[in-house]
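Next come two complexes, and both contain subunit A; in the first it sits with subunit B, in the second with subunit C.
After this line comes the complex of A and B, so read on.
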């Protein structure tokens, strides 16, 4: 391990190698390499339609990963996003089924997300319980509730306006979900960089005790982070139900795994306090390209599981190795 | 905290006086209340054959919870336990289907479990990465491997001796898997309370830095714990595959949730260093009785999932409250 460390230190001295070893450029190189690889392997990959497809597919993951970035920056984790997203989708679909106006459905989606996030945050903070256990419990509760409420049947939506506004419209030829994604990114960037809440998130994740001593209400910040995560899951659920046309019972496969992978691959430290939203964007693009390319190449979903799990573990090890000197 | 860690394994009768009686016997009281309630709610509940059934159903959970107890006591967590049980179950089923000798199949299953645990341990310890993220990643790899090996299909085998030994046989009316679990309990309890390795686990879980200063090889203890956990999980898959007569690549999915619930409900602290194996037996029994009773009074599986998730959250919350009062 010490020889590795020495090698890492030597590498830091060469400007080119230093740039290459920078996690952010590492992800960029990874994306380019994947694009080249898949373009050579599949004739359908390098195509404007497919790129738009990738963009559409990654909207949900991107928005959830934004929320996850906040959670991880604050030194916590949320393993419940997949089943919670499915549950909120059911709430939204049921609201629309009752012919209630769209704004009510939006309020239900975002409100229930915020409430579930608040519960996770509150138990984590006030109970002083590790968030991964709390959210593992929430995961199970949300899954049970979703299937219980629907009897395992998907709830179809018949509301063309809803589909138009949240899925089908293409202002300036770009799918509307991408516009939402960009808008949310800008809002969150603003919150993270220019508000007290944003800087507190970094402070709390970097060193909770120091943050507490410097007058930050760490409990409030952490609960706020979980509420924000819940709101993001709510927004993602709204877009996803519009895309699929139903409130779906089956949670999106491995959403929490993909989101954590995207955040950590991007280079945000899983120990909290270090990272950014733009890193997460790169991480999500990498995973989306990987998912799309592997599917185009007809790679079975279980090999995709192996590859993704392996990449996460390797990225974690690399991150630890590169930052040990700090 | 460290006082308690030292007392817990050796404390004898003192440990009953030491802690608040309700939190000590809460689980036992809950089990008795559940038994009384279900006996009134269903005529099929309070029967010898149903108790044998509960025993059979709880074995699988009990053994995986033993594995989880070791991991949690050492201050870590293993979310990949369900995937490990699935993978070793599939390996055993594949070998038995191809008519390999039973002993070889069992050995191969245990080895696969041990190797998966070793992998978790080495990455966690040497990479200095929180174990829940590591095992989330390896969960995906292990689960994918089990699916790829079987092409996502169920592997059916026929080996009567194997199925009798780990599932169907009984001695004086006690099902074989229950005997298996009881023997395992005594061996593991001895390991935890009467060996150096056992007391090292408590010390490491109570505080890794202090343990290191006291000269305990923290890394080695943790890696050993993860490996042991993998082997024990594979032992649980023996019971599972023998019961159903096949190996399913997703057969043990979600088992980790039940195991964590059993350990934490029993009263072992999820922060490590404080708890005992007999507590886990009570926790597993509580969940076993709950599962059995809820099914008998015809509550479907998914509301059960909801109830269980709620119980875990409640249990960790109560645990944290009692912790708060003590310190």
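After this line comes the complex of A and C, so read on.
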């Protein structure tokens, strides 16, 4: 054992230090450090309006990352979320363009998300193909379908009620998307902690054989996880089209990578079985603060990508190092 | 004549077991030397020491009268030891020639290019020298399992070994392929190679062996010319103990009603016409060598194996077993042999592991009653005196005994009718073992029917009301607890119809 590791171990005896060294608090410390840094660097950063702005910007990533947390906890991965989100956005926008009522548009958005998730999960489980490959395929199919259906044209929405309900309303002065985000968080926390399905997700991700031998239908659990992921992408697509007023063919850039990074930054084991939603929240906030702050500082977008990538890798290295004893 | 290998006073211990204790014997050149013994007798450990994979704690090896230090597998190979493992180690994605020449590929200058022609020629020469009609350019998957094994042997003979160790080489071969293998083994012997052959099959032992060595519990029991031994004597040597220790006091002779009735259970891989009955409150031992099909049978009964034919009835009702949950809902529970790989989710805590098989009982419409679960978990932790700091502790770092109690408790929460135990005390220390034994008896007294697989004969004899013995996918015999002795069980396990 190296001296450093020994020291890390001694440090874990001390309650305050142990809390600080906890990977979850590691991300929290990172967030605080970034907030302090950006506040000193930019006069616009430390401001209630800017914070609400950050919250609005991160809604989509947050909801997708919640779904991704379930997927990763179950030992799988979903690379298709970006292009699937764009495709569902087009479905939703087209539905509204035909003057169909809002509930129909919601059903189309959430239903198509669930269906695509079901397809990914079904092929992964029944075909015994790694989800990495299946969802890479779905990624491409969804992208192609979106271009084919629209001829690469954006589909504008003219439904003021829709904008009001999903983008512009501010109950108690807080953007409505934030309320949706919190509601979804509470529902998912409940599912993860207080349902058979939630416990099964941990068991399947931790040891699929042991879960199966405990009577859990592990195939169904995995398919269920992909369906849930699809529903989250559907919800995120609805909020996103309302915010932009348009169904765009272009997927949000690097959505899948940011979501995976947020989940893993939060300390959820990439191999499955260990982690939680609250940790993912911190991961998403870190990425959102970083994006916002760097933009306010007028950092070129290519520098932003480099800095973001570096910070993610560093954070994971640190996490790996601190957890080596486990 | 100086022996080819002299094994002198070899001892090797692992935490909790003395695998080999002062073992000495000689192996001569040009002889087939069969090594026999029950599971855990120390055969594999000894082979690994000869092949340089393990280092002995004390003792030494001599080759041709010269001290030989097998410090690594490579060194052992240099000293002329070739090893054929039970599992094939040839690579599917390479052809025959490349498999044989793996790591010894001929190259030509400049740049060390592969000399393909020479490679196939050399591989072909080796195959010819073994009288094998195999094309060195054939892709490996086009060969039968038997032929693949020949390729494996050809690969070892490339190094011109003086000693060839074969660990149950026929375990995956058909009858015809066996003959071809035996011919090859005899040819190697006639060339002067000393062959150490591990086997569990009486017929082939007497067909091949020049000399037989028996190990038991890590001790060398006998080394004798095969001609001086008969089957009965060999079984006696393998078992040896003449005391039936810790025999269960109050053996039940009046059995309860039939709970589980298995009839003509067969599968396409191994099991043939397995039929037996399990009674209420009975502990039925299932003996047999590793690989005899015991675990396969258990998995079928729990709905977690491949498809099978035949019927399984519980309380007279036919069961359809396609998923463990079918078995669980019918009242069957299964404690698998591999606690860490199959029994527990190591990264989850004690509470979640213990309640994992009874989530349905603690949920309404899929929503868990966490408080109820917690009190259930705590009562079982107390009842089985599982020693933990908190139910939130992960099971990973618990001792083997405590882990096993968590697995047992997980199934007891379901109040099963039939409890199948596979090696319930493997890797469990002596104290916890006694507790587990007492618990199993208590469960049986409460009317649960127990089917217990164990490779530890004393445990099986002490616990069981009745013992079934399996041999190569069939039930080779049934013994009541009064008539069961280690000799009889071992004879049946080795496929000897006539108990000695």
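FYI, the second predicted complex is superposed on the first by the 313 of 326 C-alpha atoms of A that agree within 3 Å, B and C clash if a C-alpha of one lies under 4 Å from a C-alpha of the other, contacts with A are read in each partner's own complex, and residues count from 1 in each chain.
As a working rule, contacts are C-beta pairs under 8 Å (C-beta built on N, C-alpha and C of every residue); 3 or more make two chains touch, one makes a residue touch a chain.
This structure is a prediction, so every number in the text was calculated from the model and none was measured.
K.L.:
I'd like to know which partner A:274 touches here: subunit B for first, subunit C for second, both or neither.
P.N.:
After superposition on chain A, A:274 lies in contact with subunit C alone.
K.L.:
On the A-aligned overlay, A:316 touches which partner chain: subunit B = first, subunit C = second, or both, or neither?
P.N.:
Only subunit B; A:316 stays clear of subunit C.
K.L.:
In the overlay, work out which of subunit B or subunit C sits against more residues of subunit A.
P.N.:
Touching more of subunit A: B.
K.L.:
Would you sort A:200 into first (subunit B), second (subunit C), both or neither based on which partner it touches?
P.N.:
second
K.L.:
When the two structures are overlaid on chain A, which partner does A:215 contact: first (subunit B), second (subunit C), both, or neither?
P.N.:
second
K.L.:
Name the contact category of A:158: first (subunit B only), second (subunit C only), both, or neither.
P.N.:
Neither partner.
K.L.:
Name the contact category of A:46: first (subunit B only), second (subunit C only), both, or neither.
P.N.:
Touch partners of A:46: none, neither subunit B nor subunit C.
K.L.:
Considering only touches as defined above, state whether A:133 meets subunit B (first), subunit C (second), both or neither.
P.N.:
first
K.L.:
Between subunit B (first) and subunit C (second), which does A:145 come into contact with in this model arrangement: first, second, both, or neither?
P.N.:
After superposition on chain A, A:145 lies in contact with subunit B alone.
K.L.:
Could you list which residues of subunit A make contact with subunit B in one structure and with subunit C in the other?
P.N.:
In the superposed arrangement, which is not itself an observed complex, subunit A uses no residue for both subunit B and subunit C.
K.L.:
Considering only the defined contacts, which subunit A positions touch subunit C in the complex?
P.N.:
193-197, 199-200, 202-203, 206-207, 209-217, 269, 273-274
K.L.:
Okay, in this complex, where on subunit A does subunit B touch?
P.N.:
Where subunit A meets subunit B, its residues are 1, 77, 79, 123, 127-130, 132-134, 136-145, 147-148, 254, 257, 260, 264, 270-271, 300-310, 312-313, 316-317, 320.
K.L.:
Spell out the residues on subunit B that touch subunit A in their complex, using ranges where they run on.
P.N.:
77, 79, 123, 126-130, 132-134, 136-145, 147-148, 152, 257, 260, 264, 270-271, 300, 302-310, 312-313, 316-317, 320-321, 323-324
K.L.:
Would you tell me which residues of subunit C are touching subunit A in their complex?
P.N.:
Residues in contact with subunit A: 302, 304, 323-325, 328-329, 334, 336, 341-348, 352, 356-357, 359-360, 363, 366-368, 370, 410.
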